Each structure stands twice: as C-alpha cells, then as structure tokens.
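Here it is: the structure, laid out below.
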Amino acid sequence: MIKVGIVGGTGYTGVELLRLLATHSDVELTAITSRKEDGMPVSEMFPSLRGRVDIAFSSPDKARLTECDVVFFATPHGVAMAQAAELLAAGVKVIDLAADFRLQDIASFEKWYKMPHGCPDLLKEAAYGLVELNRDAIRSAKIVGNPGCYPTTMQLGFAPLLKAGVIDAGHLIADCKSGVSGAGRKAEVATLFSEAGDNFKAYGVSGHRHSPETLERLSLLTKEKVGLIFTPHLTPMIRGMHSTLYARLTKEIDNAALQKLFEDAYANEPFVDVMPFGSHPETRSTRASNMLRIALHRPTENGTAGDTVIVLVVQDNLVKGASGQAVQCMNLMFGLSETTGLLHVPVLP
Amino acid sequence: MIKVGIVGGTGYTGVELLRLLATHSDVELTAITSRKEDGMPVSEMFPSLRGRVDIAFSSPDKARLTECDVVFFATPHGVAMAQAAELLAAGVKVIDLAADFRLQDIASFEKWYKMPHGCPDLLKEAAYGLVELNRDAIRSAKIVGNPGCYPTTMQLGFAPLLKAGVIDAGHLIADCKSGVSGAGRKAEVATLFSEAGDNFKAYGVSGHRHSPETLERLSLLTKEKVGLIFTPHLTPMIRGMHSTLYARLTKEIDNAALQKLFEDAYANEPFVDVMPFGSHPETRSTRASNMLRIALHRPTENGTAGDTVIVLVVQDNLVKGASGQAVQCMNLMFGLSETTGLLHVPVLP
Amino acid sequence: MIKVGIVGGTGYTGVELLRLLATHSDVELTAITSRKEDGMPVSEMFPSLRGRVDIAFSSPDKARLTECDVVFFATPHGVAMAQAAELLAAGVKVIDLAADFRLQDIASFEKWYKMPHGCPDLLKEAAYGLVELNRDAIRSAKIVGNPGCYPTTMQLGFAPLLKAGVIDAGHLIADCKSGVSGAGRKAEVATLFSEAGDNFKAYGVSGHRHSPETLERLSLLTKEKVGLIFTPHLTPMIRGMHSTLYARLTKEIDNAALQKLFEDAYANEPFVDVMPFGSHPETRSTRASNMLRIALHRPTENGTAGDTVIVLVVQDNLVKGASGQAVQCMNLMFGLSETTGLLHVPVLP
Amino acid sequence: MIKVGIVGGTGYTGVELLRLLATHSDVELTAITSRKEDGMPVSEMFPSLRGRVDIAFSSPDKARLTECDVVFFATPHGVAMAQAAELLAAGVKVIDLAADFRLQDIASFEKWYKMPHGCPDLLKEAAYGLVELNRDAIRSAKIVGNPGCYPTTMQLGFAPLLKAGVIDAGHLIADCKSGVSGAGRKAEVATLFSEAGDNFKAYGVSGHRHSPETLERLSLLTKEKVGLIFTPHLTPMIRGMHSTLYARLTKEIDNAALQKLFEDAYANEPFVDVMPFGSHPETRSTRASNMLRIALHRPTENGTAGDTVIVLVVQDNLVKGASGQAVQCMNLMFGLSETTGLLHVPVLP
C-alpha cells in the first residue's frame, strides 16, 4: 500500500482527494495536515466521510510526512515550494495541486503569483502533470506540478490543432466558464450563495494567472508564436467547467479530417472522450468523474464550412481539473494502472 | 454474473440504476427497455454513460426479459403488476421501484393510485423493500416493492421510538423536503428550472400517496393506532431529501436514552448513520451515496427538556430513497454482501 | 421630503432599503454610513444602483445623522441601542432592523443576544414593528424594533387562531425554511455557494433567538401559556421564506369557519393575502415584494377533518421580513399612506 | 389611458408584460388571450399577480382585440403575422415579441423559421424594435418586430465599433450565455430543474436563428461585409444574459478612445449603462430591470495593448431582452416618455 499524506486537507481539492483516495485500492491515508484543525477528525468537518475516512487532522509539525511515499499539497500557492526539498530528500514524492511547479519560467511565476520562487533547482526536475501530453515525464518524476483547471481544458482542446499546424496559433481565443467551487473554500463575500447564485459574470478578463501557464505549454507544441485571449467566467453551479475555444483555420481541411485529428490524438486515452462532430457536451456528463469530453463545431458561412473551428471542452473542475488529475499522476508515478481508483461513473442528474 | 433487466430506463431512477450497476462487480446488464427509444444506445441519451454502458434501449416486446435473473421496474405505477406474473413464472425475480407492491391494503392502493390492482395474489408474496426493517422477508422474496422515498425517511426515523413505545403514536408529524429529481424526468411546467428554481413550496398537504404506505408499515411496529400528518415540500435542489419529524414523548426518558434507542437500532446497519445528539445533518452529506443519516434534538422549555423529540433524517432520494435501496434488496435476494456496489463516498461539494 | 439616514448600508437589508427608497416618492436619502467604505459611492459597491442612488458611504462620525428625520439601523445587534438616545434627543426617529428593540423582556434579550441591553428606558418606549398586529403603537412611536423575519410569519400565521381561542396554544410547531440571504452578507464558509447550494439542512434546532421574540408577542394574544417548537432550515434559494405551522384544534370548527377567521383578520391589510383554503403558496409569488401570503390546510383522517390545522405562510425575507416592513413602519410614523413606495409586483419567474 | 391587449399571456414574456404593465401609469389592460385557459383569472395561474391584475384569460375569438389601442403578441413565431393585418386595419398598433417582423429578408426568415411568411407587405412597414439604434422608425411605426434577446446584446455591443470602422467586421465572435427562462415556459425535458440545474452547455453552435437577425441589422451599420460566429450557451440561472464579444481592431486606437466611442454612443440613453473601462458587469446588476450594461476590456500582449477588444454586455433577458424593450417601444409609439413604467431598480441580491 502506498502511504499518502495530504497537506492542507480542508479545502475543496483536499476533500475531493479524500473522496477519491477513500476507495482507491492501493493507498493508505497516513497523514492529513491542518494547523487550524489539529486533532479534529476529518469526518467531523466533512460528515460525508463518516465511516469512510477515520483519520484526524494534525498540525504540520506533528504530521510525520517524511514517512509517506507521496505527499499531495492541496494548499495555497507557495506552500509546497517551502516543504518539497525536505520531503524529496527523504525519498517522498511530491504532487502540488497549486502553481508552485507549473511554470518553468520563473520570472513569469514571480510576476503572476507575486512571490519569489523558493526552489528554482527543484523546479527543473518537476514534471508538468497533464498526463495526456506529458505521460513519460510524469512516470519518472519525483515532483509534479498539477495543472490548473482552465489550462487542462485549453491544452487538451487546442493541442491536436496546434500539433497538426492547421490553425493560426497567434490568435487563439478561450472563453471559459467555471463552477463556483473553482474559487475554493475560503470565506469571501464574492462567492456567497446570495452573490454568486442566479448570477453570471466574467472576471480577470484583462489578465489571469492561467494564461502564462497555458501559453508556456502550448508553445511546446508548435514552432509558431502562440497568442491567447483567455476570458474566465463564473457560472452559478458548484462543479463543472465548460471551455469554448475558437481558432482560425489556416489550411484547407474538411470536418472529417478535423474530427480525425482529435480521435487519433486521444484514441487510447481513458479519460478523454471525443464525442461525435457537432455534439454539445454538458458539464454534468462529467460530474464527480475524471472524464473530460470534447466536441468540434464548424459554423457555416453561406452554406460552406467557415474558417473558424470551435472546440467545446467539459470537465469536472475538481476531478480532471484538480484532484483526479493528481491521482492519475500518482498512479503513473507508482507504476499502477492509470485508471486505478478513478473509474467513477458521472453523477447525473 | 447476475443477468439484470431494467424496464423503463429513461427516467431518473432508471439512469441511477445504470450508474450503480455499471460498477457493480456481480451483475451483467442484459436488457433495458423503452418503447419510445427502441434502438438508441443508452449512452446517446445519457452521455455520462459513454464508455461505461454499451447496451441500447429495446422495445419491451423485443427485450428478452425472461432470460434475466432479475428485472427492475423503473416505470410509472401500474406497469410492473401487468408484467410480474409472466416473469416470476419464468423464474425471474422482480423489484418494482413504483408503488404496485408497496401497499398490502388493496383498497387503499386503489383509492390513492386510482387504478385496480392487477395481481392481488402476487401482492401477498411481495416483500416490502425497506431492508433495515424487513431484511429477512426480502432475502427470501421473489418480488419486492421498493419503498417510496419519503416513507423510507419516515419509517427509519420513527421506528425506534414506536418500537420502544415512548411516543404518542397517534399524532406524528413529518415535515419533509425533497429535491426536484423526486418529481421524475417528465416534461412538466411545474418542475422547469425557471419554475422550481429559487422557489420553495409545499404540495399535496391535504393528502399524499406516501401517507397510506407509511401508516401501513408504521402500524406493524406498534399496537397503538398510528396517526400521521405528512407535509411534503419541494426545495430547489436536484438530489436530496430532508425529513423533520416531530413526536410527543409519553414517557420519561432522558436524551442519552433516546440516543441509545437509535444507536442500538442501527448499530449494524451499513447504510444508516446515527449522528451525535444535536447534530444537523445536511442532505449533501449523502449526495450520490446510499447513506441515510439521522440526528435527534429535544428543544428545551424553561431550561428543562421538553416533551417533543425532533428527528432529522437525510438521504439522497434517488439512491437510498430509490435505486440504491433497490440494489440493496437485489444483493440480499441473491445472497451477495449487502453493500456490494453501493460503497460510493458521498460527493461533496 | 423625509430625510432618511441609514446606518450600515453594506448588508442585504441595507441594500434592500436602498432599492425600496430609491423609488419612494416622499423620501430623500441623506446619509448612509459604513466605516469601512467611507467615501465609496454606493453604486460602486452595488452597480445595480448606478444612476439611481448617487450618494456615497460616509464614516459614522462624519455622517450628519442628527439632521435626518428618520434613521434606519441595518446593523448587527447592539449598534442601534448605542446610538438611539442621541438621535431621539435630536428629534430623529429610529427604526432598528436588528433585535435591540424587539424584546421587552431584558433578561431574555441578554440571554439570547449575549450582551447587556444599553438603554432599557428607551426600550419601554419602543413599538414592535409588526404593523398588522401593532399598527396604532407604531403610528405614534419614535422608535421601532422591526420584527425578525421568522417571527413575522409565525405571528401572522398563528394570530387569528390564538385570538379565536380554537387551538392548543401550548403546543405550537413552526417548521420554517429560509433562503440564504437571511444569513446576511458576511464572509462565512457555511453560506458559500458551494456549501449552501444544492443542499438543505436544519440549524439551531435546539434553540434560536427568534423563539423568545415570537413567544413574547404571541403571549399578548391569548391568556393561555404559549409553547412553541421552532425549527429553522436553510434552503438553497436567495430570497424567500416558507413557514409551515402546525396547531391542534381544541374546539369544533369547520374549514369554512377557519378560513373566515383569517379572511376577517386580514380583510383590510394591503400586504397580507389570504389565499383560498387548500392553496399551496410559493415563495416566488412574493419575490421582491412586500406581500405575505397565507393558506390553510386540514388533513383528513378516515374521511373526516382531522384535529390539526396547517398554516402555510410565505414572504420575501428581505422585504416583508425586513426592509419592506421597516418602510411600512416609516410610512405610518410619518402619516403617509402605508403602501407608499411598496407596491412592487412580485418578480416571477 | 392606452388600451392594451396581450395575445398569449401564459408564457414568460407574457407574464413579464403583465408585471410591467400593472404599474404603468398610462395603460389599461383590456384583454389577454389564451385559448387553453379561457375564463381563468390571470392571478389564478400567476398568484404573484393577485390583487394587481384583475382580468381573466379569454379565448382569442372572444377577446375584442380590435377595441385595443395596441396589441402585444407574446406568442410562438407565426401567430402575429396571421392576425396583424386585421388589427392594423382596425387602427390597432401591433408589437410582436416573436420573430415575425424582425427579418426583412423573407428568404432568410423562411429558411430559419421553417414557415412561409404570411404578410410580406406588412413586413415592409414594420420597424425593428431596438430603440437605441432605430428610435425614429419606431416612433412612427404601426407595427414593431421586437428584437431577440441575444441580438439586443450583440447589436448594442458591436454597434459603436462598427460605426467607427475600427474593427474587422468580417470576423466578429459572440460567446453568449443565457438564463433558462429564455427557453420559455414550455413543458420540455431539457429545461427541467434537474436537467438544466448545476449544468452548463452550449447549444445551436452550428447555427442559430439569432444569427441572421443580427447580421441583417449589423450590416446596416457598416459598408463592410459582416461575418459573425455566434455561440449561445445555457447557464443555470433563471433570468439574465451575458454576452462576451470579441473583435479584432484594424486601426490604432487607445483605450480611452475606445471607451469614448461607447460613452458618446449611449450618452443620452436611459437604459444603456457604459461602465468604467475594465469593469466586469454581473447579470444580477440588471435583474428585473430594463437596464443593459456594457464594459470594455483589452487584454495586453507583452505589456502593450493587444489588437483584440472584448465587450461585455449584460441584461435581463426577459426585460431589456424582451418585454421591457416592447414596453419601451410602446411608450415611443404613443408619445409617452420613453421610461414610463420602466424605472424598476434591479433586484439584488
């Protein structure tokens, strides 16, 4: 059994890790930290886990994380980079669900996250945890930076088109909509039920941290300069993310060939579902599961196929967009079957 | 492998059966019927099942239900009683999620469901499928009437008090609140998003079909005449049911003894969780799982314990209140471990 | 024009006062205080008010509240009682939307609100602001304690029955459900969208501050000792309150006579609507309006009318349950028509 | 008093017309038709209108619509064009909230609405009811085609840019999100609470009826050929629409100049609010009001302003997007102040 520690288990990515790991056949939950809740049984804070998770929170200094095989950081940005070195030295693998190990460009990290990077050397060793585009590196990594939720959808949606070189890489548009759980379990007025409910808005339109991450990764897929307009929105649902991606085609290509690009790219992927051309995937078709679904559209102009391709991408932001992806990485890092513990059927309705 | 057929798989209890059975280790989904959707792959109607359920709907006449080991009826009232005899004759067990086999009192059935009962003889053989109160009968039954969602909460909440004879059985009050999925997947104005959303209302206050069912079953637990005021409400959430039960104590009993009644009653039950006295269970703590949680309260009067006990009961109306309970019955009927395929951790948030 | 000041305008009752007063023909908004937001235009915090409310928040010490004709306190408990004396001395009338002037029993106030009462003498002068039961006192009052949201529904629902002496006053039950805005605009985890959404729960079942307030007022309507079980619940909607009230009849009375008790009681009330017997009022039928609607039910037992009467009461918790009621009081206190500025048609859907 | 008739008053645009007209100072509601509900008081179907609208539905043949001064059609497409001629002949003005009089290109109408146009001659007389872009024509019109909800946002958002000739008119993108009430009050599975709730999806991505309407109108504003990618989405809220518009700048223009284009265009418009550059308007800031709000963004590239301008537009789809706009047209057609009966303050929260 793999001994697992979780640092910061009181947020949504933390409790989702607990849900997933509670039924994972190969792990043993060894430690979960929260300075504030030291001594409180996890199932007291989250009664959904009564009878299923029997451990209590412990303060970080008491938790014997170095005895774990792997430690997940479900913490704010900046925490993992302060503790990773010690864990790695003790032979513990690290998976960070925050941004500390996502960006290789340190200047960009420091600009967008407004803190110095604490361990530039470790960063070089870190693998970016988007399995479908980086499987080999993750398999052998000791430290993984788990992708942001939006970047997961943008990369998996644009990648086949960029790799094939059929679109104008310099003018990508991603109009993305997230459920409110993406904002985390912090006490804030803006995400109160009475503020975020029955309401829709964009935010961070002039600039968002997930842009540099996405740009850095997309740039690895093409020799062209990548340009991206990324517009995040908050939609009144708890879980779920819907990204509507727009690209201009630069080569003649018919719809069947477009579809084939995606089907080939993801033919063997257990967690990426390419739906029939012209489908409208719903976020709930992925709810509480690690699936991500993609569908292509190409609006016509005067009866002929236009030059814009639209890629619709849906996922559960807390699973494939966060904790499920992290478990998928763990499975790879420990030589398990990639789908172990992740075969939940989406919850509908 | 147990061969399973489902009659009427396009409603919410049907698709929830599919979700649960898709990961059940001991069943094979053999047939699912829908006259209207004959030939359509199940995963086309419910993309959440893409890659997980590979069967197509077939019209009832084409489906070879008699080759199944068990058939679930996820249909309107009246369908199962028309088909049960033939299936039983062929050695197929039957679990009806509608009301055909819930009420032993035929006159009551005919009054509330406004149709003649089609097979009074079979009714006598049918077991009422509330496992915690009727486990032995279900184990040996060939036909099971799966309980209504509200009656499940009312019976499990009142049973320990009635059995102990500590309350006024003649004046029970059940103020119950259901998520909208309880109304089913029928095209109706009243359950549109724009009607049921951001809105709360009672319905059927002057009389509801779940009253006679509950009364009939509760009457088996006590020699007193049982009287019940049952007030159902619709609350703007998809899944979940919260019943607030009120009873007047007729004997001196302190809170610890009250709590012990419940803890003893459900000590070995895998799907009933008696929370600490004074807890406030949330519906989401059972979401998408087969758990039902109970907590007791006793408001004080002038500093002393009053004579009213309040029992709070929560469940997911589609799981423990419907399809999960039906699978729990199936497990018993086929000698499997009762929890097989039902150990989903509740989805929170 | 009546010069109006608002202390604490950043919460939900404050912004609702602004919405109502912005179209009130006889008032001029003179000052609105918030220490934290000093100098910020109100419409910057609440863009819904752009072009409609042109004033800025000012810190309490800068606001010249003594120049107002009336000051509303939309503040936490304890604020109004610290400032009321000075305002009254300056000839300013005071309407407190918190609890400082609701309870005449000071010991009870201090027990439930956990603070000493700052001005017991003023309390004696204060009128309880439930217009339909206390109109004359309010008309001549200089200080009004605006009722709690739950108590408004409980009093208007039980009053005709208590006054008529037809129910067992000692065993009233009120099962009440509130939208989340009732919890206010405070940054708290429990009322986040991802916590309160798609979820239903009871809270404060063992004791809630609105019990003593309701008991004190109901006791004025009858010579019997009043006993009340009050169970508040949180329902996933923004605005709206639904109270389901249960009482046992102690006298022979038929349904028509019951209905007449209510129709007579509220015949001339512009904001209380007695619906036909057996109706199921929806909360949304009062949304964003000052209306409160009532309907009666009497479940049958074996075909005869039972001895329990059920009163269903709905209102918008922020209007008739808070700010609208406060404006109704103001209208009375200044000799205006009671409905001035309050004739909004409910917003449906 | 203007005598008003409404044909088809049981849908959401119909009941919203009733809400708005009930407090309009210059109208008298004379007739409201529904074949199905003939004789039923309006307030019985919509209890929100109890005491405020005293008329009953009448069947179309009984309703004396020719005695009205104006008749609103809140009906499916095709109804108004069958009845308009008779009404106009009787001197009655007509405002159609459906599509019969929106498109001047009859071939386009017949292609998208799949029915022959019943009165091509009348169509030539009809004014397109988007007041801010067509005020003079509406003022003198006898028949008005009220705009679609999406087209309202797209036109008001793109118009200042197109008129100024600063963008690539051939490649406009409109990513639009609508509340569920936009789908109407029809009994359909897709818009049930349990289907549309906690869910987000695109629909009609390959082609939607609001594209040709928008293209036809935008083409009047520029000599360039207009090309539009329009992607509608359904978001789980009742009311509200958020359009995120993307255009590529073809001329050097700084942000202040961009902002000035919009401020100048709408300087005197009572129902269009241009917010400060870089704002993020929320749909709820327009809820239940006739306001439409606009904000501009221009994401930077390497520290310089990029060549993409983003226009965010929000409105209440049932008010400015439908019934409020229709009343605004009526006010103009009858020489009233344009804002009469439309000055509701948005409901927040």
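Read from first to last, the chains carry the letters A, B, C and D; within each, the first residue is number 1.
Keep this in mind: a residue touches a chain if its C-beta (ideal position, glycine included) is under 8 Å from a C-beta of that chain, and two chains touch if they have at least 3 such contacts.
Note that the structure is predicted; figures quoted are calculated from it, not measured.
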| item | value |
| --- | --- |
| Interface with more contacting C-beta pairs, comparing A-B to B-C | B-C |
| Chain whose average C-alpha position is farthest from chain C's own | A |
| Between chain B and chain C, centroid-to-centroid distance (C-alpha), Å | 38 |
| Chain A and chain B: spacing of chain centres that average the CA atoms, whole Å | 37 |
| Touching two or more other chains - residues of chain C | 12, 179, 181, 185, 194-195, 197-198, 236-239, 281-282, 284, 287, 349 |
| Chain A - residues contacting chain B, complex | 12, 15, 19, 22-23, 46-52, 181, 185, 197-198, 238-239, 273, 275, 279, 281-282, 284-289, 293, 318, 343-349 |
| Touch list for chain C against partner chain B, complex | 171, 173, 175, 177, 179, 194-195, 197-203, 205-207, 227, 229-231, 233, 235-240, 242, 244, 246, 248, 278, 280-284, 287, 297-301, 306, 308, 310, 312, 314, 349 |
| Residue ranges of chain A touching chain C (in the complex, touch as defined) | 12, 179-181, 183, 185-189, 191-198, 236-238 |
